[in-house]
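In the part that follows, the structures are each spelled out as structure tokens.
Here subunit A shows up in two complexes: once beside subunit B, once beside subunit C.
Presenting the complex of A and B:
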């Protein structure tokens, strides 16, 4: 989508006046909708819809052996799939760059042990651990992908139930383990520290959060900050353009406060979800 | 809603339908038998099989005497001569512009079917061809009228009137073409202080009210220096959110419904109108006022 100069001017001025084209202020978010446990065969799943951005995340588990360098840690792997339904640009290999960018950003954000405790995923030091496959499917793009993806990933991880391991028997080099047969003998992951990403978009001289597609087109550059609790876990610059050190600092501050607000809202919402609610799915 | 973030739960979603107490019209699905009579005529969106008339799209039945057609709920725009459309230039070609108008194929705007700046009337020379990008370039928004429909369904547009031409500062929103109510006038100067162009193709343009004198200079002037005052911005944003609320509840869009929605939305702040609950509320109140108006 290309915008004409007059539309860009209109958006630019609206950001300057702190009254954006849909009436939001610079630090405001659009309302979102969340559903967890939406993909039955997976261990945990979530779907988040933020205006026109639609993200589906599912978590799968497998038993793997830990790496030699980190024998006590489990593994987590992110895979992003850009559906060509989202925009025609994703057709063929068109979305690959964006997909790797998002998955790299996520894995670096989840690397820190304070953000995500991979030690809990270890079953037997050095030989057995859980591996989490987090599959992210972008169904629709309406701006602000990173934020939506990180929120959906956090919700899906919150929803994930890991089967309890009853016993582990070591016999020489062979490791035998018994997983509980009970369907509901599971434990949840602790995701309170899981990072939330916030895209801070620079338009004119001001910084905004949660840009729409049109606003993204007007932006001179943006910073994605991943914040876990109150610490930064990853910072990434996307889009062309350069940022002045002062602007960068400002946007980091804005990103941090917004991420904390988002985080507490998300956790509150997740607590409200009860398991017996009916499935909504995609049919409106 | 300043600074507060809303994350709703899908199972608590509000039903956007406003036709609760009223008769919901029957929606035909593809392959469904409409009638088994043979005397009726086959219109758009239907086909004959085994002596029955069946629907080929999902939509509502329309009957004109013996002609039966199914009007699809969601579709691309099917142009008709005389329709006013809003479109975006996608390409500048030899003697023509390609325009995105939400139809299946890109529409064309010929160099010979635009007004030259200043309203000069003459044959288009090679020089004009070189100047084409000066008039309209990729990404520019225009309002135009459908001049001709080709056999493949693509449209030929023209802007040979002072009311058509390049659009300046404002907001574009996209809705389903079926939601735009057909009426004589597409250009509305709403009394609340903004202008709305309801394109038949589902593209709606909202901009600050323009002086008709200023406008008549020609269709290619954009004033980028002008800063739209915050009051007008608020009106535009409110109209934008109101139209989206009506569109979400599948209500017809025309000047009265937009005005009613605007008035009913006054109790919410503009940004609050993004919340699904507020959107449905505004749509419901508008629906009530419209039925009242109808019954009078």
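Presenting the complex of A and C:
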């Protein structure tokens, strides 16, 4: 997206006046739509549409063996795929840089055991554990990718059902497990602590959340904070530009309050979803 | 026939309860996204595909590729890693996806009026969200809808459909993943259904040449059926868009 000087000045002034180009205030989000359980061949999935940003997340499970250093922990892996549907720049391997950046940020945010308890994914210490593949597909980019991705990931993990392991038999080096045959005999994951990421963007002298693509272009520096309950689990400065330590602290505070607000809204929304609603998907 | 499971039962029903000449449920929507010039979503049974079209625009990257008498058509096929029951390692770049891209381009090139846009490029991207048999046909149909949504002139609809031969005798249309797995040949054709021209034909495995005409006729019939569904979707979409701009107020709607 190319912006001319006049457009940039307009955005700058709108942020200054606390009346942004789409009518929002500095701490406001654009409208969101969330739907869970929309990809059939996975254990849990969610699609989040934040105005123009569209993210599809699917969770798949596999049985793996834990690492030697952490024999009691299960595994979680994030994979981001930037679809060329979003922008032609992502064609071929064009989206790889952005994809790695987002997936690295996610894995560091989920690394802490208070944020996400990987111990629950362990089946038998040292030999068997669940591996969660969290696959994120970016379908449309309308700014503020990190926030949308983290919300969708949390919703997909909420939706995930892990099959119940009935018994584990150890015979020498061989481990046999029996997974329950019942389709609905599953456990849900505990995701209350799963981090929510908020991008705080500095435009002019003010900090805003949920920037649109145009606002991202005018930003003089931005910082992504991942907040789990009330603690930070990751802080990452993205894009170009530099921030003064005072501004940085201020933006962290803003990020924290916004993330907590967002988190409680998300949990409330997820609780409202009932299992037998009809699928809408992309047909709406 | 004793060992192999019969694909069509004695009373003429297939494994998923369809008859031999029935398509799976097709649901589609145009204009799913706002950023691409054209986009569409299609569901054929459980197979779900998203398509986006960008262009015609200036040739990106290597300018020397630009042609003085026609537009370049660029296709990319990609499959979400979670689209199959077993997780895929990569969404694109493997041999199967490059083959799909080439076939897709071939089918669409036959219908797009490329000569109208010299020195330009049209990008078509398809993303498979759930693969349950008949991925290629769904991609072609989705791409057609996206092209129409983008307002790119086409000679006519391009529709694709698969067909197979059950019990060595009965031709059946629109093959699901389950039927693909149980064996039997699969014939996939992409066609211009109004003029009945075939733009791409691909067959896997073998059957006797005597069976070919009837299987092909069945697949072509499938293409025509799909065309009717797509046409309906396009008309209702245009009506919706038109209504919101207020054209329905100015003149009486005429049903053709």
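Operating definition for what follows: the second predicted complex is superposed on the first by the 284 of 284 C-alpha atoms of A that agree within 3 Å, B and C clash if a C-alpha of one lies under 4 Å from a C-alpha of the other, contacts with A are read in each partner's own complex, and residues count from 1 in each chain.
The definition used in the following text is that a residue touches a chain if its C-beta (ideal position, glycine included) is under 8 Å from a C-beta of that chain, and two chains touch if they have at least 3 such contacts.
Predicted, not measured: the structure shown is a model, and the values here were computed from it.
In the model built by aligning both structures on subunit A, subunit B clashes with subunit C. Once the two complexes are overlaid on the shared chain, A:52 sits against subunit C while remaining clear of subunit B.
In the superposition on chain A, A:111 contacts neither subunit B nor subunit C. In the superposition on chain A, contact of A:142 is made with subunit C only, not with subunit B.
In the superposition on chain A, contact of A:30 is made with subunit B only, not with subunit C.
Of the two partner chains, subunit C is the only one that A:84 touches; subunit B does not reach it. In the superposition on chain A, contact of A:161 is made with neither subunit B nor subunit C. Of the two partner chains, subunit B is the only one touched by A:9; subunit C is not.
The superposed model built on chain A shows that, among 7-15, 25-33, 133-141 or 169-177, the segment of subunit B colliding with subunit C is 25-33. Applying the stated touch rule to the two superposed structures, the overlap between the subunit B and subunit C interfaces on subunit A comprises residues 284. Contact residues of subunit A toward subunit C in the complex are 39-42, 45, 52, 54, 56, 58, 60, 62, 79, 81, 83-88, 91-93, 133, 135, 137, 139-142, 281-284. Listed in rising order, the residues of subunit B touching subunit A in the complex are 1-3, 5-11, 13, 16, 88, 90, 137-141, 167-172, 222, 224, 227-228, 230, 233-234, 236-238, 240-241, 269-271, 273-276.
Partner subunit A is touched in their complex by these residues of subunit C: 27, 29, 32-36, 39, 41, 43, 46, 48, 50-52, 54, 60, 74, 76, 78, 80-85, 87, 91-93, 123, 125, 127, 129-130.
Residues of subunit A that touch subunit B in their complex: 2-7, 9-10, 13-14, 17, 19-25, 27-35, 47, 51, 151, 261-262, 265-266, 269, 272-273, 277-278, 280, 284.
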